[in-house]
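Okay, so here's the structure we're looking at.
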Amino acid sequence: MATGIADSPIAGPVTMAVPPKRRKLPGWLMGVLWAVGAIAVLSTASYLTGNTDLTSSTTTQTALRLALPILLAALGGLWAERAGVVNIGLEGMMILGTWGAAWGSYYGGVWVGLLVAVLFGAVGGLLHAIATVTFGVNHIVSGVAINLLGLGVTKYLAHLVFQPLSGNPRQSPVVPKFDTYSATGITGWLADLEAEQRVVISDVAGILRGLLTQVAPLTMIAILLVPISYILLWRTRFGLRLRSCGENPVAAESLGVNVYAFKYTAVLISGALAGMGGASLVLLKDGADYLENQTNGRGYIGLAAMIFGNWRPGGLLGGSALFGYTDGLQLSGRGPAVLALLYAAVLLLVVVVVVQLFRRKWFAAGAAVLAAGLLYAIYYSVDELPRDLTPYAPHFVTLIVLAVASQRLRMPQADGFIYRRGQGS
Amino acid sequence: MRTTLRGKLLPPVLAIVFSVLLCTIALVISGDNPLDAFGAMIGQLFRGTTAVDTLNSGAVYYLAGLAVAIGFQMNLFNIGVEGQYRFAAVIAAIIGGEIVLPPGIHTLVIIIVAVVAGSFYALIPALLKVYRGVSEVISTIMLNAIAIGLIAYLVSTDAFGVQVGNNIGTRPIEESGWMPGIPFGDNGTLFGFVFVAALVGFGYWVLLNRTRFGFELKASGESPTAATAGGVDARKMIMTAMLLSGGVAGLTALPELLGRDHEYLQTSPAGYGFAGIAVALLGRNHPGGIALGAVLWAFLDKSAVSLDNVGVPQEITTIMQGAIVLSVVIAYEIVRRMELAAEQRRVGRQLGRDTSDVAAGGSV
Amino acid sequence: MADDLAVELEGITKRFPGVVANSDIHLTVRTGEVHAVCGENGAGKSTLMKILYGMLQPDEGTIKVNGRPVRLRNPSDAIKVGVGMVHQHFMLADNLSVLENIVLGAEGLHGIGAKARKEVAELARRTGLTADLDIALEYLGVADRQRVEIVKVLYRGARIVILDEPTAVLVPQEVDDLFETVRQMRDDGFTFIFISHKLDEVRAIADTITVIRRGTTVGTADPKTTSSRQLAEMMVGSELPSPETRESTVTDTAVLTVSGLRLAEPGSARAVLDDIDLVVHSGEVLGIAGVEGNGQTELVETIMGMRRATAGSITLSGKDITKLGTLARREAGIGYIAEDRTRHGLLLTQPLWANRMLGYQTREPVSRGQWLDIAGAKRDTQRIVEAYDVRTPGIDVAAAALSGGNQQKLVVGRELSGDPKLLIASHPTRGVDVGAQALIWDHIRQARAAGLAVLLISADLDELIGLSDRIVVMLRGRLVSEEDPATVTAEDLGCAMTGTAPREATK
Amino acid sequence: GCAKDTGGGSTPPAGGNQAESCKKNPVPTGGSGSAAGSTSAGPKVDASALKVGLAYDIGGRGDASFNDSAAAGLDKAKADMGLKETKELTAAPNEPEDAKQSRLRQLAQEGFNPIIAVGFAYAKSVEAVATQFPNTKFAVVDDDTVKLPNVTGLVFAEEQGSFLVGVAAVYKSKNCHVGFVGGVNVPLIQKFQAGFEQGVKAASNDAKIEAEYITPAGDFTGFQDPAKGNVVAAGEISRGADVIYQAAGASGKGVFEAAKSKNALAIGVDSDQYNQKTVENSRDVIITSMLKRVDVAVYDYVRAVAGNTLASLPKRFDLKADGVGYATSGGKIDDIKATLDAYKQQIIDGKITVSDKPSN
């Protein structure tokens, strides 16, 4: 082989081995702290700017909804990459899921739709597994090919199957959607609280209300899949074996782990989750039915959310939530809401400055002061952000958070490596 | 590892055969005649401008493929070629349209602007990677999206755009800035940029195989640790490779911009960067392979029109592109294993002679 | 007879593309013995062991374990019949915790929770593994990793334990500890198959020795009646080499001067290197002794410019190179044999001639200005292949196709060909067989006689004592003492390295 | 407790009651009442000798949008004028210029004449191919920039139709607050916004208007993302708008659904969306649709070619030419039809001129 790429993984971020530091807090508590901190910053910003969109129930609801497909794709990425298979075919598998969801739901109702979506996604996963695991094809090549195939096959199938039904080769007929449920008792009370516009209380009420109204079973399943993935991957022997395939497959093999089987399983689950992500675009109330290319790159965003979340379920939940939230905010609240978010960012940076000063990290504190000043200057000087750029607020936010948070990302060590049975030295 | 000629040529042929087979099945299912379909695909080459168009588009894909391949050489996955080429195209079109210079110089300025703009847009992920450790995969995905917004702004009438009918685009470039092509009468005009693309491909080969920089690039790609110990500065290499990749990406839209369109419209096609990934992978990062991949890709693209014309669903071409990418790599793997087995058999036959002197060892 | 035979390998043959790794091998191991397998690099020892452990399938031949014929399709099969293996190269996952590394694949025994933890803790105590079971494996030193590997095998209840070159990375005390454990377990009825290039060790621990040469069994030997010399002859047909340096060539010209060198850990104030002062003269070999993880690697990498010193200066032949990059330091005349050749020394998929360029890409004969001189590189690679007896089918094969010893010879050849003033040699003969070892020592000696200054780091104390003109001992990032190789013994050195008082005092 | 939602929006504001929250401007009077002149009425024309080629934009026949509308015009021509041979080809997403040219050239070479290109994206290709085939007649929908004797531009006064639905929106709004959701911020869609806003202002000086686009120009996913259309519309509704006019292609579906679940009303675009299958779930919130009669234009063009009366085709398909209008299916605006028609007459008579650029 002439060049390295076909057999080598993508270079991960350059990380340094750091001495073991005792984690003071368990992961879930960190998550809760982050969430509380975020809400505190947002409600302060909402109070100071007078923009209620930041914490309204509508925003929360749209955020949840926009985050859902990304979350599922990210979970799909997590499963595959934890077993050492890079999956940039998520997009294609999601597309397969959208088609399958519409088709199954049309003929058999929502649950059948969900099942078919999951199966279709898994078929994409199977293809990826055959290529990467059995044939040792470069993971990126296979992923790119699956994205093309997913798009081509669904277009073709839609032409064949949906056109006679909907008269439109690019769209399915209207299909059944999941019913939604609300915690009626609480939400009424929360709505009152939210309407009162009291500092913090109303904000929290708004956010909670958004999370508790009009929740579809699929939404609940998706959210539950985060802890389920965590438990399966980190708390069971199955998960240990699966992760070992992503860390050092040769070692795993030497201990009697059937690496191929685990990689297959992981990539199948990955595809199934991506398929479910596709279904979440089709089967939720107000969903779009099948529409050609409706995933619009969400598979890639999911991949980004997973990297953002440091290959961990809690982290990718945060990544998807951040993305969904910002996107929801800019879409429903538009320019003013994004400006308010900018203000929230300034507040966040002020917190960062305090923390860094406390830790005696003078340089970091200085940088944060600078950034805060800059953002505040922008906030102060413009009354409207450029319209053409506000739709990309989530992308800017993702970039800035990644650049600012001095993070240490740790990808699974053998992620993207091609493993062949018996190659161990 | 040694690869025979058969090992190089057989896989693509197998892959094409396999994808044709797959599409045949799909066509039969949908009740179309596969022979008509494939007849139309071959036939198009002898009709109208398709043959020339294929080469023209091939040049576009070639440049995008090279840009991606430069990153791949050192294990950088520059998904951002998409954003880089579009950003560069707009900037080049705007500047090219705003200025008038003597022929040749005008063109050259546009080319340089495109390269600089492409590199600039690649500079952001490069800096983020080197100084903040942000994975280039995620940063370029984000920057691709942001590029759309930037372009929308730049092309809007508030900024540099002009409206023609219902379309907006940049101010058309004066003729002095065009790149003349080779006219083939009714069969179209071959872009002059096709030769520039070929030159870039040659440059890529020379750079990688004959220069110190190329050696350091490949070394960092293969083993960052060994490269560091060998005195290669990893940060510098990441920066240079990204900038170079972005610079070549910046050229991607120029064949069409300088050879035919002369302006960048909001309806100008996107997606060349993503196709470039597939093309680079098809060509296994080798300049010759990428060229073949690019032309094949372009050919399949063009087939969509011809297939539609004979009433065959044009989605077939997308399926075929995906199938070829996947099956070509699988075919390479199968052929590699076959050759391995053959070698093992060969060794097996030589066994007797090799071990005879060892067997004389005896025990103490 | 079947009752007391733990392992019988009959007529094992294994072919790899271009190589016959094992050809009609016979090996019989009695229950409860320590059975050593010796042979040159690439003789086929590891391959044979992988076959016994089910990781490779033999092309021909039969395997019997405890008298019963078995088919081992994968390691699980081997584990089931009681075979366990500690690999030559660690089989550990850096990001998993110590506990996870151990229970992986054997979760069926005690799960992955508290019960498993208890069980592992017990085994850890027995083998001297003191590390926290919950920290990621990457923070463990080599000796601890070795212990984790052994605990892994024991945890699975293996009765037949394969140890493939377990001592290559250990210091004498650690080797003693290991042997103590092995002997104890042997008395408890465990069977060991033990592989090592260090023939003294082999004779110290083994009950029986089987010698393999070029993939086939040459014969068996009794360690009590066979000398190391005889063993070596069986293995390679040549004499056992000695690292002894005959006459001193030390001059007064300082080549490398390091003063006040300090290296802080990234993100903390703790120093990995603390106030290091040393001088290496032209024609002198300065040995650095130290237990792995005490800063030798960092010292070397700081001198090479791969890490930036926090304080202090480095001078090469009077020129201050503290601020220079790695390439500039190499150009200034430093040759570098890295401790891990596959990570730092070679581009494994590239041909040998491309590997010749690595680190020399700016210099004749492999380049001219910005352009590579491929013909020149090939010519010079051919020269190295001949001068250093690199056994290879040609210079166009990928470096990965060479065995470890041959790879090392190529690296040594390359690093000595730039006319260096200073050679930094980190474990130059690690894992290399006796024949190649002798050759590498010879070349280092010749260069030293011609005025080369050598900074030698080695875990092989015989090598260190034999080659060095002076030895300094490194402990926790500091140079703690200086020893005279003419008088010091390996045991003394070991004590200094571990910071314990000399043996007399402890007894 | 936790309860199943009953599919909200079951009771949209009824069409009949005109809320008095919005002070309406006086309805103009004095229209001449002359009927909109449709060219389709006239002597019977035989087009059986014509071979008509149609080159669609992305989506093609069945897209429930302007391509579909063009297809309807062609079908009608077939039925009415005995048109026999036709061929319809469709553009692929992200295709370069030469693909469009090849498509047109193929049609021309196979003897199709006239050739109708649907969508302004074809403008440059038609120019190139029409030069090459001077004896073939071409038409471009939504573009009139090609100045060649054999090329006809079929453009529409979208702002005029949008004006009328703007008026309708005000009359149906309870909060005196209406909204516009555009798919992609391009000049063509800005025309819809411009007309709508002028209509709203004409109907009431008090009315508040929300106007948003899903994506900026160049990002055509805005036409393809119902999920985002939904969010943008929901945002406008939460700010008080209760009648939303969408010009967002396939994303419009999301707008309708947002309206439905938040008890607001919606106005469709291009075709009579009340009768459109893909949005039938939310048809009860669609009070009207702004009609852009691409079908009329295509039909009239074919007819004009057959009868050799190209010169008689309107320069712009406007209210007068029946090229734009509003739909009444569902009967939700029957009560204000007179008002709308009064405004319509004013526009036809030139008493009101509608600008095609949004004011800001």
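Assorted remarks:
In order of appearance the chains are A, B, C and D, and numbering begins at 1 in each one.
One rule holds in what follows: a contact is a pair of C-beta atoms (placed from the backbone, for glycine too) under 8 Å apart; a residue touches a chain by one contact, two chains touch by 3 or more.
Model, not experiment: these values are computed from the prediction.
Here the two chains linked by the largest count of contacting C-beta pairs are A-B.
Farthest from subunit D, judged by the mean position of CA atoms in each chain, is C. We define each chain's centre as the mean of its Cα atoms; on that basis subunit A and subunit D are separated by 37 Å. Computed centre separation for the pair subunit C/subunit D is 77 angstrom, with centres defined by C-alpha atoms. Remark: subunit A and subunit B have CA centroids separated by 29 Å (rounded to whole angstrom).
Spacing of subunit B relative to subunit D, judged by their CA centroids, is 39 angstrom. With touch defined as above, residues shared between interfaces to two or more other chains in subunit B number as follows: 1, 148-149, 152-153, 156, 218, 222. Contacts with at least two other chains are made by residues 93, 185, 215-217, 219 of subunit D.
Contacts with at least two other chains are made by residues 349 of subunit C. A list of each chain pair in contact follows: A-B, A-C, A-D, B-C, B-D.
Considering their complex, residues 1-5, 7, 59-60, 62-64, 68, 93, 185, 212-217, 219, 221, 224-228, 230-232, 234-235, 238, 250, 253-254, 257-258, 261, 277-281 of subunit D touch subunit A. Those residues of subunit C whose C-beta lies close enough to touch subunit B in the complex are 15-20, 23-24, 59, 211, 213-216, 218-221, 226, 230, 234, 304, 306, 325-331, 336, 338, 343-350, 354, 357-359, 361-362, 367, 370-372, 374, 398. By the touch criterion given at the top, residues 1-6, 8-15, 127, 131, 135-138, 140-142, 144-153, 155-156, 159-160, 297, 300-301, 303-304, 307-308, 386, 388-389, 391-392, 395-396, 398-399, 402-403, 406-409 of subunit A touch subunit B in their complex.
On the side of subunit B, the complex with subunit C involves touching residues 1, 209-216, 218-219, 222-223, 225-233, 340, 343-344, 347-348, 351, 354-355, 358-359, 361-364.
If you check the complex, the residues on subunit D that touch subunit B are 87, 89-90, 92-99, 101-103, 105-106, 109, 120-121, 123-124, 132, 142-145, 155, 185-188, 215-219.
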